[in-house]
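Read the structure below first, then the notes.
First chain written, first letter: the chains are A, B and C, and each begins at residue 1.
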């Protein structure tokens, strides 16, 4: 009969003595960040940051073109930055994941050199916070599509406000309104639905096996 | 500049940016920009590299400024009205301010961060700013990993040609490539996390640092310079009465 | 390196089940390893060898990674070296990477910088402390990982397939480094590998685990091999004396030439020429092997011959028989035109996967050939189903390609090239890191192809492979 008793804990690296000695029945959900959570969150953040760099450069001119059409419409492109936080929250599922990923992605995009300098970090913080608040509201327990969409929406709102205060402080009301609305829409579609689909596709490849996100929806083998 | 602790550089850039961002007026931004341009040659960045890295800032600044000129808050004499375009004295003033602001904030950021060693940066964040080591080192390890993907990217592109799908659909291919890189980097990241844990990382034990992260006179000097610059720019703007708080 | 107190291991009724799985990775393990022993741990894939190693290293994770039963204890500290050279370097510079483990242990700074050079010397890695880790070869990277483990003065050294992803030269480098390190430190070691011959001189004890994680054999290497050798070989392990020896008919007489290179110079990056002045020809029915040391340009040559990289000088010419109306230079062909003519198989199967199921993956080529969306399902099935059977992947038809095992991925990537029936097959290190079963399957597959009127070109280090196929050699 296997020995029972005591609580299994992460192994102290240099311990002498027993490593493990109990039986547990179901995997418990822990909100503490593991090393793999941190490293993969960084990886997602960097990959997103690289996409940002491309998005920054590639959409700079189209954004101004859209703006010429209808000022404030360029908010439709905002989703291209908002997805990072939402994706981070959906994959890592720990408190602060959305904020962390959005911040590191912004940090990377700032380091490579972009037109907004260190204030990219402030943007990143705003976007991440917007996404994070939704996950928090659901107590980090619900990661379904509608939660992702809400997360994207709030991130869109946060980034619109951030941009209006810092980059477009002289803008008039119609501009501001259109900008906020398009930013939210972009957040819902690109960051919400897009991130959710991306997370599912990643899980299907088996790359997320060490995460709850990678294990749900797959039957026991 | 590469000898200065990256944390000091970060603080200097942030300080400058935050102070300049509080206002929207051409004077503060213009003075800051002028002072910065005087100091840039001492930063140790080569001419060609400077222009290459700051190119995006030089492009974005006039475009952003133009946005405000066309759609900014109207005040003073109107020059043009067409649909939603409203060019007025006020919007021109704000547009100019925005243009200078983007330059004044963006350029020093690029210069300060052009050559930052990630290991030094991580050491600084963890030792000087006392950010949790688990997060700082874990993040930098993940960051480093993605930077190593040049060979993979080339192989992925060639593979698309070999599989017969490279003739059309460039955007789809780019998306497929980005996805494949995501997958590869996450897998390697998971494996790296295991390797790090196997070397005692994240165990909660108090760790030591193989490399010191010096923060001395030189670092305070750079921060002081940033503060001074921001201070002078703001002072001049206040004295000339053009300092204009962004909120309200 | 100075000697360390060697660790001992004790398992009593120990088992582990990964989260989300029904079957236990290991169950009911009773085992004792004495200090100083060097154990070679063998078994088919899925036998829980890696799981045991990860458990000993303390990296299996906590409650949300799975559950355990029984008791597993180790008296002493463990160091772990993993399989993939690309995912173990934590820091950008060699010295910092080796120091990483010491930092985590709280070793004082000056002691760290005494241990780092000692560890590097113990593994024979003679590069500067500031050398970038990204610029090391595979064998060097593995030795770096070993140095990182050694710097922590572990009493137990755990090696999880450390040479699986290395070329023959790298394998020997790492084996020698391990042997030397064990010699000077006297640590206990547990090594998981599927290549027995390499470690025979190092291991003092051999343990074999079965498919369900049960202990099958345990004892001195020679005894265990004598008893279980055949069974191990049948499970895919490379056992000396039981290597696969596919009995193939003598090679057919070569037919007309299909592909030639004239005074060819190749490069990956346009201004850095790797090789020049190359002349070669590939004929129908023959297997041509490109051999040579690392860095000699073998892969670049294969990519250029396959019409994927442009020649820097000279020409690659497809004979009229091969080109069939598409023009003589493959680099000018459209991507689609390559499919029925030149099929390239890359060294890393993951680089080539495009679809989300195995079946769709095999269908990518045929669909691209006919123009997207114009190939009815029945036609696709007619090509793909027989191919699935041939590759032994029929049971995995709906699985995601990335979730396949190493050998299955390799067979799938070869299959994706075969799906469009190209006249010429170009493979880059097809048998790299494969177990003996996949190896034999590949040899038979390629032999069948060459008899079918195809030409095969393989970049390889694998001597056994060359001999089995009676390949003509082209040395760089």
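The rule is short, and it goes like this: a contact is a pair of C-beta atoms (placed from the backbone, for glycine too) under 8 Å apart; a residue touches a chain by one contact, two chains touch by 3 or more.
Everything numeric here is computed off the predicted structure, so don't read it as measured data.
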item: Identity of the chain that, by mean CA position, is farthest from chain A; value: C
item: Between A-C and B-C, the pair joined by more C-beta contacts; value: B-C
item: Separation of chain A from chain B, taking each centre as the mean of its C-alpha atoms, in whole Å; value: 20
item: Separation of chain B from chain C, taking each centre as the mean of its C-alpha atoms, in whole Å; value: 40
item: Centre-to-centre distance between chain C and chain A (centres being mean Cα positions), rounded to whole Å; value: 34
item: Residues of chain A whose C-beta touches two or more other chains; value: 10, 12-14, 34, 201, 205, 207, 210
item: Residues of chain B whose C-beta touches two or more other chains; value: 141, 145, 183, 187-189, 192, 194, 196-197, 200-201, 203, 205
item: Residues of chain C touching at least two other chains; value: 58-59, 104-105, 402
item: Interfacial residue positions of chain C with respect to chain A in the complex; value: 12-15, 19-23, 55-56, 58-77, 104-105, 356, 400, 402-403
item: Residues of chain A touching chain C in the complex; value: 1-3, 8-14, 16-25, 27-30, 34, 201, 204-207, 210, 212, 215, 218, 220-221
item: Chain C-facing residues of chain B, complex; value: 117-119, 137, 141, 144-145, 148, 152, 154-156, 158-167, 176, 180, 183-184, 187-189, 191-192, 194-201, 203, 205-212
item: Touching residues (chain side chain C, partner chain B) in the complex; value: 54, 57-59, 78-80, 82, 84, 86-88, 90-93, 96, 99-109, 112-113, 134, 145, 148-149, 152, 268, 303, 306, 308-309, 334-336, 338-339, 343-344, 346, 348, 350-354, 364-365, 368-369, 402, 416-417, 420
item: Chain A residues within the chain B interface of the complex; value: 10, 12-14, 33-36, 38-47, 50-51, 56-57, 60-61, 64, 67, 70-72, 100, 104, 108, 110-111, 113-119, 121, 165-172, 174-175, 198, 201-202, 205, 207-210
